[in-house]
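In the two complexes below, chain A is the common chain; its partner is chain B in one and chain C in the other.
Right after this comes the complex of A and B.
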């Protein structure tokens, strides 16, 4: 029983960050048909932003509480990634609109360059980020750090906010319209360029939140972007490309599978196991759990 | 097709093979880069083969790895001769491609890219966990005569290139083109796009496996990091920077980038920046790649020479791709 609760708690916590990451990936794909390999790089930049701000704060600003620095990291990362996102949009996405291969290739190029810049700036050594919240919480016989509770709560709150934005606001409705059919949306008078830009900014914000959020609970490395990217891909294939609901279910499923797999075996075997599950799902539902795409 | 049309590809390949053998077996920088150019060119041609049916396979590194591990085990356990090991590597990689394609080709486009990317990483992880192929440290001590390996590499690359030129100009090549451009039309004409894609994927897997087998004998060590997603992405860079519209593009891209990487080794671990930066710049400035750009320049020159009398408007002739497919 204790083990079961512990696995569930871990799974929910990992899954909540995966959801944030995958939402950004699937959003950009939905709005612009871009397979965004740069998403992992953006996520890594956010994590390093948190690392820089939190370590600098711990060393040089003893009076400033960690949580304030943490909130500052969110703000800085969001603005930074937003600017990069706008640059990527005008330099590449707009130019290659709808061209799957070209956008795939430039985002791969971008990710490779960022990885090396990060490695040369911070070295390949994994960096641990100073903790923001200390202590552990005991829950139904399971034990979890407060750090991870905060991560879970923030991730879920952001997910709910994104869902509310997409479902209730006018811009969100337009975003969904562009996702399901960009041409028809344009005929309804929706400014597709503006909505695409909204999609990009929403995706970079999600990458920023996910990156800063995960930083204190793990070590940041130059390759963390690619590691998350692979999980993100698995999640959005599982959920259905372009489907926001699918990304949420997919993120939870992969988080749980990883938690159970890690407990029973080890993380590597768990990753292999998760991939096999995805292949199985594709056999019966090639469009993913929540996808409607014609294939 | 007329036999005279074979003069150019056969001539170019023969010249390249001779140059490859002379420089590759010499002492200069050729001895360092020719083996790698051969491996990379084989992988790039395999990548392009699947692109010709409209899919991007980022699991190239996985099939390359299967070929390398198979050939290494053949050499270590059975002491099989070079060619037998390499062929076994190619066949097993082809079989793996058949299974993978059979399961996954029901998705296409973006989903196929993502699944193949993940599959590559999963294979690498599986290799690190499989003790009888050495786990994290891989297999060590594959023995072969280096000169024989280099000779085999150059000749195999030439033969594969010629076979692919033949394929492109055959009935199959035309089916590939239809499946890439108009899959629905292909279905209406009695061509099953999924089977055609599967055939291309298996052929591509065999080529990757052969490249892997040659690599195993050349380096004498195979380990999981050699087969990460980075190799698949580099190979994609070779094809796109060389130019995906021509088979020559894959080879030229592999040769140019491999040579540049070797020359820039003094800059340390900047290899990904070269590939990454080159990819971004090339897509914006030279979307058709080196060979495509050269082709355009060449055509403009010949057009202006001819066009002064017959075509004063300088109207561009039809896209090179369609022209080739028509032949």
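Right after this comes the complex of A and C.
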């Protein structure tokens, strides 16, 4: 019983981290058909932003509470990533929208440049960021940190908020229209360029949320973006490229598969097991769990 | 028109990729090759990816050793003094990257010797060329089968689990009042697998049952399920063997979250301060076999100087692996001076005979009884333990073979 509960808790806590990471990745694909390898780099920049601000705060601002520094980190990361997103959009995404190969090359190149700059600036040593909340929750013999509970709640809340935004607002409706058929949306008078930029900014904001929030639950390294990126792509392909609800199902499924597979198999086979589950799902649902590009 | 548009479309991505690749491999600049009055030492180390910190630290340390020797007039040979030039290639810490680095160093750069090489898989790729071309190679690689009479040009310049694990295990068993079972975890690569074999052997010889042994994949970001699995076997102790500092920190946090407070070892872990940073307090009490604190007063003056200089220049801490880059250059220089030539067979022969002044003090190559040839550096073995934010030296063992040489 304890093991079953712990496996479930492990699966949920892993899944919530994956969901948070995958949301921005799937959104930008849905809106612009961009395979965004830069998402991992943006995520890493946000995590380092939290590291810098939290470390500076601990050293120089002893009276300022940690939660305020986190909010500050999130604000700074959102602005910083937003500016980078705008630059990426006008320099590359706008010109190569829908061109998978070109955007793939550009975003991989961008991610490599960021990795080198981060490594030269902060060294390759892993950095730790203090948790937003301390302590752990015991649940039916299983244990999970409050930090992970917060991530889970925020992941769900962010997903609900993004889903509400795209379903209930005019801008969100326009986003969905562009995702569905950009040319038809343009013919209806939607400013596709502006809406695509909104999509990019939404994706960079999600990268900022993920980077700042996941940073305390992991170690911050120059390569952390690539490590999460591989799982992120698996999740959005599994959930359905461009689908927000698909990212949730995909994240939870991969998280649970990792948790269960680890207990049943040796760790190498468990890694393969996760991918076998993904392949199995895609055999029956090639378009992913929720289908393609359904914001 | 279409062709022009296509070209314009392709220009930017190709330019970005073109900018990125040299940046990713920065440090891999071409060297000059062997010339009169110059001996070229090659380094094969990771400059990109997870282990990039080892590469940048190794480069700085090798260049520091070369600068010191060059500033003192170079290496004296029968043909006059020669200066050292360092060339480094990124081996990406992979077999494929190691093969590319080997080709570049030996074929294009035509280095005279390899002063340092990092990572078992890339070193194996390099070794297949150095042995064939009779190029002396200093390495940090741990594999027992990398050395011996079949590989006479290969020398290890750091302590390995074969030297460290037994004294570490004996110390921990005594310090913890004895225990009966242990769970092992390592990284699924050549280094991890070979270290695990040593760990299995040593713990069995000491009468400790290995209740589980597993390997995690590079790139793993979530460790709670692995912690659950380790604890399921109810071990008295856990040995994280080759787990690198970042993942080890996360795993220790997950173990603590799930209630673990037993003896924990990172027997082949090298980055003590990095572990403390990554574990956020969960590393308290962890024993390590290759993670001396080189800023501590127990370290030699030279090591303290190197630690301070390296930290200032690169932000990296000196550790049990990268220290080998400094000692590799020093050992080769001493051997060339002893041989009076840079001819490889003479240098190889001299390496097995000299006692030289390493960062640890007097050192030599020995351990013929273990490897079948004198190819393992003899330096003190240091057992450390995490106490608070500090890496505390709890035991220092000088090999009897080294003591007999002093």
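Everything below uses one rule, namely that the second predicted complex is superposed on the first by the 282 of 295 C-alpha atoms of A that agree within 3 Å, B and C clash if a C-alpha of one lies under 4 Å from a C-alpha of the other, contacts with A are read in each partner's own complex, and residues count from 1 in each chain.
Here is the rule we use: contacts are C-beta pairs under 8 Å (C-beta built on N, C-alpha and C of every residue); 3 or more make two chains touch, one makes a residue touch a chain.
Not measured: the values here are computed from a predicted model.
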| item | value |
| --- | --- |
| Three-chain arrangement built on chain A, chain B and chain C clash or fit | clash |
| Partner chain in contact with A:119 - chain B first, chain C second, else both or neither | both |
| Contact breadth on chain A, by residue count: chain C or chain B | C |
| Touching partner for A:17 - first (chain B), second (chain C), both, neither | second |
| Touched partner set for A:282, first chain B, second chain C, both or neither | first |
| Chain B versus chain C as contact partner of A:222, first or second or both or neither | second |
| First (chain B), second (chain C), both or neither touched by A:262 | second |
| First (chain B), second (chain C), both or neither touched by A:105 | both |
| First (chain B), second (chain C), both or neither touched by A:7 | second |
| Which of chain B and chain C A:35 touches, first, second, both or neither | first |
| First (chain B), second (chain C), both or neither touched by A:96 | both |
| Against chain C, colliding segment of chain B, chosen among 163-171, 271-279 or 289-297 | 271-279 |
| Overlap of chain C and chain B interfaces on chain A (superposed complexes) | 91-92, 95-96, 102, 105-106, 108-110, 112-113, 115-116, 119, 226, 230, 268, 271 |
| Chain A contact footprint on chain C (complex, rising order) | 9-10, 12-14, 16-21, 23-24, 26, 48-54, 56, 188, 214-217, 219-222, 224-226, 228-229, 232, 245-247, 249-250, 257-259, 271, 273-274, 277-280, 314-317 |
| Residue ranges of chain A in contact with chain B within the complex | 29, 33, 35, 91-92, 95-96, 100-102, 104-106, 108-113, 115-117, 119, 226, 230, 233-234, 236-237, 241, 268-269, 271-272, 275, 278-279, 282-283, 286, 288, 295 |
| Chain B to chain A touching residues, read off their complex | 56, 103-104, 106-111, 113-115, 117-119, 121-122, 125-126, 128-129, 229, 233, 236-237, 240, 269-270, 272-273, 275-280, 283-284, 287 |
| Complex interface listing, chain A residues touching chain C | 3, 6-7, 9-10, 13-14, 17, 91-92, 95-96, 99, 102-103, 105-106, 108-110, 112-113, 115-116, 119, 122-128, 130-131, 136, 143-145, 218-219, 221-224, 226-228, 230-231, 255, 258-259, 262-263, 266-268, 271 |
